[in-house]
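Please find the structures below.
Common to both upcoming complexes is chain A, partnered first by chain B, then by chain C.
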Partner chain A sequence: MRHLGTVCKKIAISAVQTAVILIGITLVTFFILHISPVNPAEIYLMGNSGNVGQVSQEAIEEQEKKMGLDKPFIVQYASWLNNVAHGDLGKSMTTSKPVKDEIAEHAVPTAVLTAVSLLITVLISVPLGIYCAVKKDRALDNIVRIFSFLGISMPSFFISLVLLWIFCLKLQVLPVIAQRSPKGMILPAAVLIIQCSSKYIRQVRAVVLEQLNQEYVMGAAARGVSERDILFKHVLKNSAVPILTWCGMYFGIMLGGASVIETIFSWDGLGKLAVESVTTLDYYMIQGFVLWTAVVFLIVNFAVDVAGDIIDPRVKRGRI
Partner chain B sequence: MLDIKNLSVSYGKTRVVRNLSLKVNTGEIVCIVGESGCGKSTALKSVLMLDKNASISGGEILFDNKDITKLKTEEIRHLRGSEIAMIFQNSYLSMNPTKTIGHLFYETVKVHNKKAKKNQCLEKAEEIMKKLRLWETERIFSSYPFELSGGMCQRIAIAAAMMNDPKLILADEPTSALDVTAQAEVIRLLKYVKDNYNTSMLIVTHNMGVVANLSDKAAVMYGGSIAEFGDTWDIINNPAHPYTKALIKAVPEMNGKVPEGIEGLPPEFSDEKGGCPFAPRCYSAKDICYKNSPEKHVVSKEHIVYCNFC
Partner chain C sequence: MEKRRYPASFWVLLILITALFAVAVSAPVLAPNDPNKSSLMDALKGPSAQFPLGTDPLGRCLLSRMLYGARVSIFSSLIIIAIVFAFGTAVGVFSGYTGGAADMILTKVISITQAFPKIILAIAIAGVLGIGIKNTIIALCIVEWAEYARMARSLTVGIKERTFIKAARICGKSRIDIMFEHILPNIMPPLIVNASLGIASMIMEVAALSYLGVGVQSPMAEWGAMMNTGKDYVQTNISLVIVPGAAIFITAVIFNLFGEKIRDVLETKTN
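This part shows the complex of A and B:
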């Protein structure tokens, strides 16, 4: 019962925190867009008529009134927030489709890319990270270290271009423009996997190594527990929470859409949508995208938190 | 039962334990006493080959006439926790924070006997704990180490060490991390175990009080080797080695006097010179002490000292 009580309390606290964070994030984005020198009304009119620079001042002012841009900042924000609370994220200024639908549509390719990339990243990084921690400074650890550093130091656009050059131009085994097909997903997924695994392997290694150096490891050895059991039953159990937390981070990052990678490979996901919205200053689209990313991270964080509660008794007993 | 002969233990190229010889007979408590960094913990851990960074560079460790240094990994594992148990300075830290105490007792038996049943293990643990005056066993079994006090964890560690009826218990500074009342309790428990189970013990400590209260024999260690070894009261009442004398004088008493320390610092292990390791701090050192290794002198039966002038 004590356990249930603490969990309920935690959920209540998280809910309040979530609300505060969401309001904070959207307020900041709203403010940044508000102070940007570009007038959304002008963009809207230009986008509709296609006549650049030929929109009259009167038309702009009229449009501003329509969009509520003549009202004070805080009123604008409040009305946006009110709409969001009613499930209305506004309409895209470029396509005139509801932002909600746009995000939903683009979320599918991103989700597919995320699922495949994250799964492979975890399958590579966790076993390799554990192995490198156990066999510290041996041959494989050193090789992995070199590749990790390479992967971490190279920006994603560079890795993307190198892979494009090798597989699409030189070997010509993969298409340059990724359609929504499994074949087209190989390269963007590969870049994501290289980028995330390079970091994740090192993080897993560090977490496991920290646990291996704890005194309880020698304590267990002195009671006759075999090295194998110490690793699997003690060390890995205690490493699970931080390893899971990192995994959640990557999940959030990937699900937010990898802008550069999706743009380079023309993968029609959220990352690409976000880049397009920013270049066209699609006001409500950007807001909607920021909200989506924030919500994804908050949900992932919360899920990881709850999983941690279940795994680690120190949280369960209200010690942390 | 335990006979360490000319043992040398090294970290890389640095010899930390140098030609150490020590004997523990059945039902006997031997204390190794010395300043921090004299190699006493390293020597103790090497009995179970627990320190992965340390390597045995010479000598042998005979336990029931088997040389532990020549055993295979799996054979050593079978000794650990069953025939030879170990108690650490911070038992609280030497227990996995995410496993309950009940699991600790169960696992200690299970790793040596695959058929062990959990409830039988806990029944045995309860029996031992009652004898060691640990009540509320149910609550303790379902607790995690971080929910118990340091003194409680230390007493539990002693109970856990007894789970497989070991012939020998190694204890590394078992009282150092505790307050005085908990120290007294741990000393009492170790004595109880020895008297009732006839278990031998090798205890490392820097506390002369523990030596005097607990041990049958004492080994004074300095610079990686034994300086003096013998019957505890013989050593306390008639110390022969200048270091032992200084060590006994350095014990604080409850009379308001500030105890005398020993000038200088313990030797660095990296520079291995010839001669007596204590010579630079010894008030009666002569030239010969810097050149020749100290000779073994027999003061009386079972009381030996390594010094050129004793």
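This part shows the complex of A and C:
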């Protein structure tokens, strides 16, 4: 029973913390948008046509009233928060569609891209990272190290443009504009995989290497435990939590939408939507997006925590 | 105290970094042309004696722009790293050593900052403050400090119960003295490694913002902004992308190698 009590307490604490973080994030975002020199009512009235100066001052003021922009900052935020609590994220200022629908629609391509890229990243990085740590300084380790090093030294937009040039323009085997097709996904996924694997392989390698240098490995070897058993039963078990944590981190980053990559390949996901909303200062859209990434971030963190508890009981004992 | 041993490769990298700085500082001397002088007659030309790497769509010398771009990219990222390193470390050490309510609040602030979509927040801030290199630096500082604070905090928490800290406390040293004289020197090596490995990624983030059109203001030469211009000419003139891209890549490789070397040196020392 005592155990149940601690679990409940833990859940209550993390619920409060989650609420604090979500309110903090949206409040800051709202504030940044609030101090922006651009008037959202004006943007709303002008729409995409950009007919500058053709909207009368009265119309702008009326629209401000409609959007609640004439009220004090904190009142605006409170009413937005109240709407969110009732499941209403407001309407996009550019398309007039509900923010919820826009995000749901754009989340699909991002989720597909994330699933494919993350799966391949993990399948490449984890075995390769472990192998390189075990066979440190051998030929394959050196080759992998060079490639992952090159990978972390190139910005994503550079890799993207070069791949675009090679495969879409020179070889003409892939479409320039991705659309929502498996063929169009190859390049954005490739860039994501290159970027994340380069980092992930190095992280996995470092963690496994650190464990291999611990004294318990030497002790086990001295007792005659086979190398295989040392690796699989001890070293990998001890490395699992950090490896999993990074995996969760990449998952969160990818689900937030790789803005630069999605923009370059016209992959119509959340990242592209976010960049567009920020450039048009689409208040509610940006708020909705920030809320989405924060929720994803928190859920992923929570999931990694729980998984860590299950894999490594030491973490749990240390915390409770 | 044992003397630190620096391997030869460390000196080679140091020379390369000095060379990068030399290029950045002496861009006005090295550049064959005015980087902002456009002449539509010379637009999109290939390499020639006058324009060794060719010209961009406005007829500006690509080599000169690349050399001038080095100043913006390298110095702005160094400024950002210096600021977030100092600020983040200060917040982290204070939070970790003080503990209690202050620590709880600061940890929440750090979490909130880290939960933001970085690049989007930076774009939003740059959008609000206006486009320009100064605002890019401010935006990236606001986004980046939390990572350094978190690391400094966890390192501080890791050593604050150690005997030598307790001894200093018993001796009646003030909190500030303990933080500066005992905690800081002991957590410095990993923080320095992290910061030096952060330079290259900062160069890429500055470039990414410029690439998205919210970094430097045109006509200022910056590598990301140059690639933004070049992206529309990928089909006909790939060198517009390759030249600034290669500049970012080479700089990032040098800074990353240097960061790893610093790590090796500091880690062998502490071991």
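The definition used in the following text is that the second predicted complex is superposed on the first by the 305 of 320 C-alpha atoms of A that agree within 3 Å, B and C clash if a C-alpha of one lies under 4 Å from a C-alpha of the other, contacts with A are read in each partner's own complex, and residues count from 1 in each chain.
Note that in this section a residue touches a chain if its C-beta (ideal position, glycine included) is under 8 Å from a C-beta of that chain, and two chains touch if they have at least 3 such contacts.
Since this is a predicted model, take the numbers as computed values, not measurements.
Undergrad: Aligned on chain A, chain B and chain C: do they clash or fit?
TA: Taken together on chain A, chain C would fit alongside chain B, as the superposition shows.
Undergrad: Determine, under the contact definition given at the top, whether A:143 touches first (chain B), second (chain C), both, or neither.
TA: neither
Undergrad: Tell me which partner A:298 touches in the superposition: chain B (first), chain C (second), both or neither.
TA: It touches chain C, and chain B stays clear.
Undergrad: With both structures fitted on chain A, tell me whether chain B or chain C touches more of chain A's residues.
TA: For chain A, the partner with the higher number of touched residues is C.
Undergrad: With the two structures laid over each other on chain A, which partner does A:289 touch: chain B (first), chain C (second), both, or neither?
TA: A:289 contacts chain C only, not chain B.
Undergrad: Who does A:37 touch here: chain B (first), chain C (second), both, or neither?
TA: In the superposition, A:37 touches chain C alone.
Undergrad: So after superposition, what is the minimum Cα distance from chain B to chain C, given in Å?
TA: It is 14 Å, taken between the nearest C-alpha atoms.
Undergrad: Please write out, lowest number first, the residues of chain A touched by both chain B and chain C across the two complexes.
TA: Touching chain B in the first complex and chain C in the second, no residue of chain A appears in both lists.
Undergrad: Spell out the residues on chain A that touch chain B in their complex, using ranges where they run on.
TA: For chain A paired with chain B, touching residues are 214-216, 218-226, 229, 234, 237-238, 311-314, 317, 319.
Undergrad: Mind listing the chain A positions that touch chain C in their complex?
TA: Where chain A meets chain C, its residues are 17, 20-21, 24-25, 28-29, 32-33, 35-37, 149-150, 152-158, 161-162, 164-165, 169, 256-257, 259-260, 263-264, 274-275, 278-279, 281, 286, 289-290, 293-294, 297-298.
Undergrad: Which chain C residues qualify as touching chain A in the complex?
TA: Residues 108-109, 111-112, 114-117, 119-121, 123-125, 127-128, 130, 200-201, 204, 207-208, 211-214, 224, 227, 230-231, 234-235, 238, 241-242, 245, 248-249, 252-253, 256-257 of chain C touch chain A in their complex.
Undergrad: Considering the complex alone, what residue numbers of chain B touch chain A?
TA: 48, 50-51, 77-82, 85-86, 88, 90-91, 93-100, 104, 107-108, 111-112, 144, 146-147, 160
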